[in-house]
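In the two assemblies presented below, subunit A is common to both, partnered first by subunit B and then by subunit C.
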Partner chain A sequence: MSTRSPAALWQSLLKQLWLPVLCVAVLLLATAGSTSFYFPPATDVLATLWRELLHGGLVGDLLFSLRNIALGLALATVVGVGAGLVIGEIDLLRQATGPLLDFARATPTVAFVPVIILTLGIGSGPKIFLIALGSLWPILLNTISGVHGINPAVHETARGYRIPWRLRLSKVVLPGALPQIFAGIRVALSIAVVLMVVSEIYGSPVGLGNFILQSGSGFAVPETWAGTVLIGILGYGLSVLLLAAEYLLLGWYHQRPPRARRPMSRPLSRSEAKT
Partner chain B sequence: MMQRHMKTGGGGSSLVVEDVCKTFGHGADEHRVIEGLSLRVDPGEFVCVVGPSGAGKTTLLRCLSGLIRPTTGTIRYGGELLTRPHADIAVVFQDYRGSLLPWMRVRDNVAFPLEGMGVKRAERNRRAEECLGAVGLADVGDKYPWQLSGGMQQRVAIARGLAYEAPVLLMDEPFGSVDAQSRFDLEDLTLSLRASLGITVVLVTHDIDEAVYLGDRVVVIGGRPTTVVDNLVVDLGADRDQITTRADHRFTDLRTRVLTMIREAQAQAQGEGPTVRSESTSEEPAPDRSPGDAMGGATGGTGRGDGPAREKTGRAVR
Partner chain C sequence: MAISTTDRRPTAPDRKRPARRTWRTRHTRAGNPGRRVLLMLQLATVLAVLLIWAALAAARLVSATALPGPAAVFGQFPQLFGDPVYWQAVGDTLNGAVTGFVAAAVIGVPLGLVTGTYAAAEQSSRLLVDVLRSFPVIALLPVFLLVLGSTPTMKTTVVLLACVFPVFLQAQYGARSVTPMIAETMDSYRVPRLLRFRKVILPSATPSVMTGLRLAATTSVLVAIGVEVLTTLPGIGHEVVQAQQGGAAARAYAYIVTAGAIGYSINLLSQFAERRLLRWRPPTHTD
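Right after this comes the complex of A and B.
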């Protein structure tokens, strides 16, 4: 899609990378030779991480967590986008579901963790359910508002040329709402990571959350740090994947000159504070 | 010229508008835009509807396309009540920017209505390219609409209307934002397409010269609320030429007559009823203006900014 030369690509990479590199360097230098029990040298943490991944059971934990979050998010996306397209298209439904959805959004899903684990058990099913439940609302609400925000002229065109409803849904409504849908998934991702960790801390024999809980209560400080860093890397990796998908699917939106881009309301940015 | 795979032969059926009123809003906001408008368009006819900006031309065209229902009165296509968009009727919208889908390439935009009809991809693309070629945009199929200029986008919208291959083509100020030269070319293109395909065209414009140059018949609308104020046959024959036709005395006579009618209707509307006097307090965007101004608008220029590159000069001076 992009026609930039390799040199230009390097330049933009450099512009974005120098600060993270600097941060890591400062961290390594500042903790080098640290004798503090709670803040071991960063090199120790990384070495522990490496060792645990190779020889400990950390890969199993990572895969368990990754699977849960991927399935939970996928479920939330399918349900949220599907329902959002229908609700957004049908005015009556949109108005009727409004208060209910606002209520659901305002209720933090973490509060459900004990209840769900209690009733559904400690397997991965309830965890996937929790992640999906928490991620659903931002995706659903953003899809609805994305559909609703599509230029009326677009709808009129589709109607005027008698586009059948299935084609209209897949080629008019879905792409029209896609920028907002991605914004919703981005919010959902951060909620999903929180729910993943919490659901594994609260009653689970496996997973990254369980790993940091166990290491923490056993005063294995480098292991705790290693698990925490790995969770951070996991979350970051997922959001990079999301950005890549967005770049592929929304090229038209991001490359459009600013004057042609419609101002979109982003009612959900608030909910980032939630969970 | 272009090959057609017409759903129905030639210009389809006749479009009959009977005593149509259209009101927007309710209660205190109620606002009657069109009142008692009757109109008949026969198969194969080229009818131009001309009226000042804000007269309700777009509203009338949306009624004709079945997108909205008139408040009272009927619109029939081939004797059948038009309650929703009909397969025989293609529309070129005034708001071309909003009506081209920004996530589709130009070719896909033009071919999209065909996809809705279930035409195979190869055939769709072939027809789309053909229609893009016809409007002089053979090489932009792979671009996105927002990468094109306003005038080019407008031509893409026309190409999409042509690709639909409907016997009736409704056009809402389709040449609003192209330069004078392209505008002449597009006018001639429309005439030749119409001649070769035998389609029915209803073209709405506020440009009197354009209406007279293109139409077999010019329907002048005006007044408040808007109704038909004149209906005149253009006896200029089928072969028209931008230079000689426009210099023809029959052309200038017709133009003068249309202009007079619009002025009279406007003056009458101004002199009538208290709603019309409240020019400064009126909430409607466009229709309130002095008679002189309305004339200016009608000759091609002072409309509200619905086309970024609209020419400011009257066409009579060119």
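Right after this comes the complex of A and C.
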């Protein structure tokens, strides 16, 4: 990437940007002067968003939602990676738990939302629990398959040299599984955002989900759109942040020349294919 | 720090989940248990988890309304199976999920294949799709409630929007997976476009397309239930809310287990379909 000339870089940027810019322009033009109740002018929506952020309580909502996502995801990562390393290392355990974990992952966590929130309350604790519960499975399963996918020769070499388990874990198993772990976290992030929204719409005094619900049921259409747009920005921003973290941690992995020459210009964003 | 010698890029569809492939079909390592032993082990694990669940419920760490015991939950099923409401709810959820899923496939697969075939189209749509894809579709619910109202069409639309991106992206990725050598060969032989599409692009994209469809199938049920939880639309999600609000936590859990069973069967079914469809392919990726 870095070897490309600035001109080529500009060209590629232009190629990628024209359609989004066109879409935004069309959106702005099509809704300009719109008198439709449900589709206010896009400029109005943006102005509302700006106003709510500066003067309304939207920043508080945003922080509440962000905090829940961060804590839930962190909890799921710690538990998922920890358990995944153990299960992935012990072959018998991995095979024995296989169907059970598949079933757990296939269970839609959103169905737990009413049960948990109705019994444990509308505070942030149950929401963090729900986010962690939903995010756990992709991280856990990807860690297991990441550990298991490490070349057996690498494993046997580490065993053959009697490398102590602690060193083996930190220098062989964890780095080897890290690409897959990150793929799992990426999937988990999108689940976490969905669960954040659902749990806040279902029952919450604060949060972005609550904001759009309240605005919507109060027929405050620009506010509803503004909140929805903010959630979109949040989702995209978090995924970009995660990609940045991945590049920092996994530079060594992505800089390796791909063995097979495949069109791999976008390997990162594709890995939802994993789960 | 290159640990493994093989290139395990997380994305290439043919390297997907090596673990799953291995645990059933290819036991080369010494000391692996036989099939029957493995099955016993898996059953034992399920039993162990049920026992832990029962112990947790009996210990009353959390109230019985938050976590009823497994006996109470599974005891609901004989009654539910005879109840038309149960089957109606399952039908409603599946109806919304399947309709949205099919619509997403009909839109996403051709669009993905076409944009994947032409580099310019892929580049142009990249950023837009990246932004739209990371959008949590369920957040559109309040807007949709305003615009479309609380109707089954609304549920289908939300499912469609949630499913179309994985399908589209995997189809696009599949169409791009034609190796340059083959692409250049087609160019130099001037293979007609339609023939090229049918005989080269479509077959090489199929594995990736199937992955996309499998992803979308799971998503469709998840989103349908999510919509039902948050609105008054009938379905499994709605029944969970009803049961829990009525204090019948065991029934709510029974519906959740049902949802899990549906998701699990969809997984098994799509794996089966994938294996049947891709039988011509060397079994590098079926799982």
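Keep this in mind: the second predicted complex is superposed on the first by the 240 of 275 C-alpha atoms of A that agree within 3 Å, B and C clash if a C-alpha of one lies under 4 Å from a C-alpha of the other, contacts with A are read in each partner's own complex, and residues count from 1 in each chain.
Just so we're on the same page, a residue touches a chain if its C-beta (ideal position, glycine included) is under 8 Å from a C-beta of that chain, and two chains touch if they have at least 3 such contacts.
Remember, it's a predicted structure, so these values are computed and weren't measured experimentally.
When the two complexes are overlaid on their common chain A, residue A:228 makes contact with subunit C while staying clear of subunit B. By the touch criterion defined above, A:153 reaches both subunit B and subunit C. Contact with neither subunit B nor subunit C is seen for A:48 once the two complexes are overlaid on the shared chain.
When the shared chain is aligned, no partner comes close enough to touch A:143: not subunit B, not subunit C.
Judged by the touch definition given at the top, the superposed model places A:119 against subunit C, while subunit B stays out of reach. With both structures placed on the common chain, the touch criterion links A:172 to subunit B and to subunit C. Contacts of A:18 after superposition on the shared chain: subunit C is touched, whereas subunit B is not.
In the superposition on chain A, A:252 makes contact with both subunit B and subunit C. Here subunit B and subunit C are compared by how many residues of subunit A each touches, and C touches more. Residue contacts after overlaying the shared chain place A:162 against subunit B, while subunit C stays out of touching range. Touched by subunit B in one complex and by subunit C in the other are residues 151-154, 172, 175-176, 252, 256, 260 of subunit A.
Across the complex, subunit A is touched by residues 62, 65, 67, 85, 87, 90-91, 93, 95, 97-99, 101-104, 112-113, 115-117, 144, 146, 160, 164 of subunit B.
By the touch criterion stated above, subunit C contacts subunit A in their complex at residues 1-13, 16-20, 22-23, 29, 32-33, 38, 41-42, 44-46, 49, 62-63, 65-66, 120, 123-128, 130-131, 133-143, 145-147, 166, 169-170, 173, 176-177, 179-180, 208, 211-212, 215, 218, 221-222, 225-226, 229-230, 236-237, 240-241, 244-245, 249, 252-253, 255-257, 259-261, 263-264, 266-267.
For subunit A in complex with subunit C, the residues that touch the partner chain are 12, 15-20, 23, 38, 88, 91-92, 94-100, 102-104, 106-108, 110-116, 118-120, 144-145, 148-154, 172, 175-176, 179-180, 182-183, 190, 193-194, 197-198, 201-202, 208-209, 212-213, 215-217, 219, 221, 224-225, 227-228, 231-232, 235-236, 238-239, 252, 256, 258-264, 266-275.
Interface residues of subunit A, counted against subunit B in their complex, comprise 151-154, 156-157, 159-164, 167, 171-172, 175-176, 178, 252-253, 255-257, 260.
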